[in-house]
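Dropping the structures in below, format is structure tokens.
The following pair of complexes shares a single chain, chain A, combined with chain B in the former and chain C in the latter.
Up next, the complex of A and B:
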């Protein structure tokens, strides 16, 4: 182990973690506004990856250019899913029912993807995927740099939308207290639908980067959703900033431990830290201490 | 409180139901007499990973099982009984696979069982099946932990994994000193399939004076492979042995190596490159050149039974012999072993089948000769090293084998 290796692992962690943060942001936004745990978020990421794959392989569209198609497509998919399935879930069992419904949605999408693309692994290819630039003796892969930039841009856009627009004010009011938001005239239902659409739309970007850095098939969603849930629990359910910090923290800790003590300890070390954090702050790093009610 | 009480009630009902089911299935003596009424099909059950981490392999295994069943039915089935397969998915879960085999035997009343995919699932599956007195012939559970578990019912038609890397290690050790690499790195996932292979190879390689500069294990599903691969690349080892169970692991290492401008002289992975088209589509055909994998079978095998199966497979699914996944052949061989056992014992009695398979008989299959030792290992197959050379998947080791192609060494540069 040397200083360069440690620095390299931290850079790797920040670059990769930002993409996980992007995927987790959608999940936490949906939970924050709708009180819904969207376990289909993993399969939406994979759906985004497959859409990029189809555009790239069949139409020769560049992965990043293709986002102009895949992001709006997944936004619409999110809107449809929310309107058709999730808006019907009401009452005190809403959170539990949302897990079951989104799990069912996940299984259906997985089945369809398996039929359309088979269970064979694929990976997204472009000239910049396997290339890198050398900076102070460290090779930084273009795809991770581009993924980081994409995450910064999209998270920045999300931030501006939330804090600089009228709609963002409605979202924040809904995040804070749905009943009060409704009382001051906010159409919470519409806000929820759009937020679900946005939460799913960001998976198109996350899915593209994931698919360019990992061989994947429809079943890859299981690994993803478990990690995304851990990120939003650590960051604080419903906290967008928390998802960002926790995403980067998770991968950076794992990468750092991998270099310092060995890869076999990486997951264990992270989960020990997770348990320690949750013992001190059960609501997560940036979550609200109050218990949410439907 | 009401919610909690309801939860306890639910748990109570589920527990009683499960206990009752366990009693019923235990007392039913599921292995049965081994006779099937005339005109009735023989039902063969298998749990396969049709989703989850091993879904690529599970899918290929399903193709192999189905191909064998179709071929057998064309020949009139097993002892005149049509072969029906009952395949259920275990989602790559070592706990679900147990539930599945219990259901296959006690609920679906299958006559015979075929194994699941991977050593990780085969051990719990074989243990569960053993309780019912069923034989488990399988093609993807070659880890020593399975044969050392004291089970009498498990038979692995494929190559026992422990010696898989031996031909590669011997080839490396036998290279003239001027060509022999000086350093080697080992990175392996924590898996019963991968871990036993590395120490066997390392012993041979170390004795040849090749220095180990990296030897680490990593969790089966890390969030990020980059750091591990970067650490390997930082050693600049001339050879890399990767203990992998699937394509994504190999693909992630290859991508990180290329990004780090690191190209070892030889690169071998325990599994992944043997998965034909799946491997090529993940890593890109240009980058597969020179990558090696140990196995006992490949699509270009000159074994007549294998040739027939490969031709049938291509007719049904397309592709080339190089693109046929080795899992397909391993699954097909399972069916061939059962065919021989059923014919020899004259029925479907699992106890007789187990005795027959332990009798030292040699059975011909697409994998070559199959003969089980007392532990259920197939001690017949020779371990080979295969290598991607352009778009062809060829045998390169042992070099003394007449069908061996000259090894591509050093490995060509990455091309993507």
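Up next, the complex of A and C:
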């Protein structure tokens, strides 16, 4: 182990962490606006990866060009799921019910993906997937750089949407207080549906990068969702900035631990950080402390 | 003097005791064993999650710890492949309780919603650790000593052990429900802040409930390990287990005593039958997920409550009808 290896793992961590941050942002946006924990986020990522796979293998469409199809597709999938299933959940146990419903949805999608694509691991291929560029003696795979760029562009777009548009103002109002937002005339239902669609749509991009950097099958979704959940809990549930910071931080630490102590310990490092942060700040790094509402 | 309800309980127990004596086909007694394991685990899960409203979606942690404790102890203590293995089942339960303490200390620091998320995350850490560490045998799992019993009797000891676990879990669940401690758990479910304000030591109560409920689940896992003779990380630390247990309890009726027993009886036996019949894991996932969606969306209170509601609605309608008739007569 030497300095270069450590530096390398930090750079890798930041680059791949940004993609996780993007996926976690979708998850935390959904939670913040709708009070729904979308456990199906992991399988949506894999669904996005498989869509990119099908487009590139069967139609020869480039992975990044394919996003023009996969992102809108997953947006529509999100809207349908929200309208058909999630909007029906009511009552005091809404959050818990949402977890169970999205869990069930993810089981169904997993079963369908297993039947359509089989359980064999696949990887996404393109000319830039296996090449790298040398910067100051460190080899950086193109796909990491492209993934980072994509995450930055999409997060930037999300930022502009949230902070520079009228719709974004309604979303932020719903994030901070649903009842008051409804009282000033915001259609919270419509905002919720669109937010769920957006939160799911970002997984198409995340899934494409994930599929290009990892071999995957439908059960990879479990690994993904566990990481994403830890990230949003650490960042503070519903905090978008928290998801960004926690995403990059966690993946960087994981890479570092993997280089310094070996990959076996990186999963435990994840857990130990969660324990440490929650002991000091149960609401997560950027979360608001829970206050009694009713 | 026996109450009518107790008579039903005794009849159900007698039926369960007699089942393997009448039905000797190992295919069906195997279904019986799995069903009973799940009945016990669901009842025990419900004793904490159903009563307190803290839905634990990481119950496979206890199950897996029980199974691994059994496999590792059998190996390191050189327990021969005979009835002695069964004495290790409660040890598996104890190990699950010991592990539940630190897990609970972390997970219970947060409120309900985050708790669910953290239990899922902790579950995956356990699964990944079981896969990655060498003492657990990694992905190839662990072998247990084989028990050289007669083929015809093979299932009976397992069946009655599973029945014992289920009866234990049910009795414990009733005892908790009727105790002051059980009332405190219910108070936490209804309004945690008010319960704390009235002097309930909420954190201690939650932690005690969480730990207690791990015991029977750990025993279920240990029994599973002895019964199959081999364990793999992805089958004892199984995310489907987490969700199945929750589904069974919600299907039957969260927080009721009969609910988890009935839910597990119906769902697990159906599931085992479907697996034997179709042997397609993916198709099973789809059916299971779809069934879950239907139950959660249309009968969110569970069948026990749904049926009793239906009965009282029908009775109410009858009374209403009678009142109309009386009204017209007068």
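Operating definition for what follows: the second predicted complex is superposed on the first by the 287 of 294 C-alpha atoms of A that agree within 3 Å, B and C clash if a C-alpha of one lies under 4 Å from a C-alpha of the other, contacts with A are read in each partner's own complex, and residues count from 1 in each chain.
The criterion applied here is as follows: a contact is a pair of C-beta atoms (placed from the backbone, for glycine too) under 8 Å apart; a residue touches a chain by one contact, two chains touch by 3 or more.
Only a predicted model underlies this, so the values are computations on that prediction, with no experimental measurement involved.
Peer 1: Do chain B and chain C fit side by side on chain A after the overlay, or clash?
Peer 2: After superposition on chain A, which the two structures share, chain B runs into chain C.
Peer 1: Check the residue A:108 against both partner chains and state whether it touches chain B (first), chain C (second), both, or neither.
Peer 2: In the superposition, A:108 touches chain C alone.
Peer 1: Quick one: classify A:20 as touching chain B (first), chain C (second), both or neither.
Peer 2: Touch partner of A:20: chain B, not chain C.
Peer 1: When the two structures are overlaid on chain A, which partner does A:251 contact: first (chain B), second (chain C), both, or neither?
Peer 2: first
Peer 1: For A:99, decide between first (touching chain B), second (touching chain C), both and neither.
Peer 2: second
Peer 1: May I ask you to decide whether A:129 touches chain B, chain C, both, or neither, giving the answer as first, second, both or neither?
Peer 2: first
Peer 1: Have a look at where A:141 lands relative to chain B and chain C in the superposition and call it first, second, both or neither.
Peer 2: Only chain B is touched by A:141; chain C is not.
Peer 1: Output check: A:217 vs chain B and chain C. Expected answer is one of first, second, both, neither. What do you get?
Peer 2: first
Peer 1: Quick one: is A:167 in contact with chain B, with chain C, with both, or with neither? Answer first, second, both or neither.
Peer 2: After superposing on A, A:167 lies clear of both chain B and chain C.
Peer 1: Would you sort A:159 into first (chain B), second (chain C), both or neither based on which partner it touches?
Peer 2: neither
Peer 1: What residues on chain A does chain C touch that chain B touches too?
Peer 2: Residues 110, 114, 222-223, 263-264, 267 of chain A touch both chain B and chain C.
Peer 1: Quick check on the complex: what are the chain B residues that touch chain A?
Peer 2: 50-53, 55-56, 58-59, 91-92, 187, 190, 216-219, 221-224, 226-228, 230-231, 234, 246-248, 251-252, 255-256, 258-261, 277-278, 281-284, 287, 414, 416
Peer 1: Quick check on the complex: what are the chain C residues that touch chain A?
Peer 2: Residues 53, 55, 57, 106, 109-114, 116-118, 120-125, 128-129, 132-133, 193, 239-240, 243, 246-247, 250, 281-286, 288-290, 292-293, 296-297, 300.
Peer 1: What residues on chain A touch chain C, complex-wise?
Peer 2: Listed in rising order, the residues of chain A that touch chain C are 35, 37, 39, 85, 88-89, 91, 93, 95-97, 99-101, 103-108, 110-112, 114-115, 222-223, 225-226, 229-230, 232-233, 237, 263-264, 267-268, 270-271, 274-275, 278-279, 282-283, 290, 292.
Peer 1: Under the stated contact criterion, what part of chain A meets chain B in this complex?
Peer 2: Residue list for chain A touching chain B: 4-5, 8-9, 12-13, 16, 20, 110, 114, 118-123, 125, 129-132, 134, 139, 141, 144, 213-220, 222-223, 227, 250-251, 254-255, 258-259, 262-264, 266-267.
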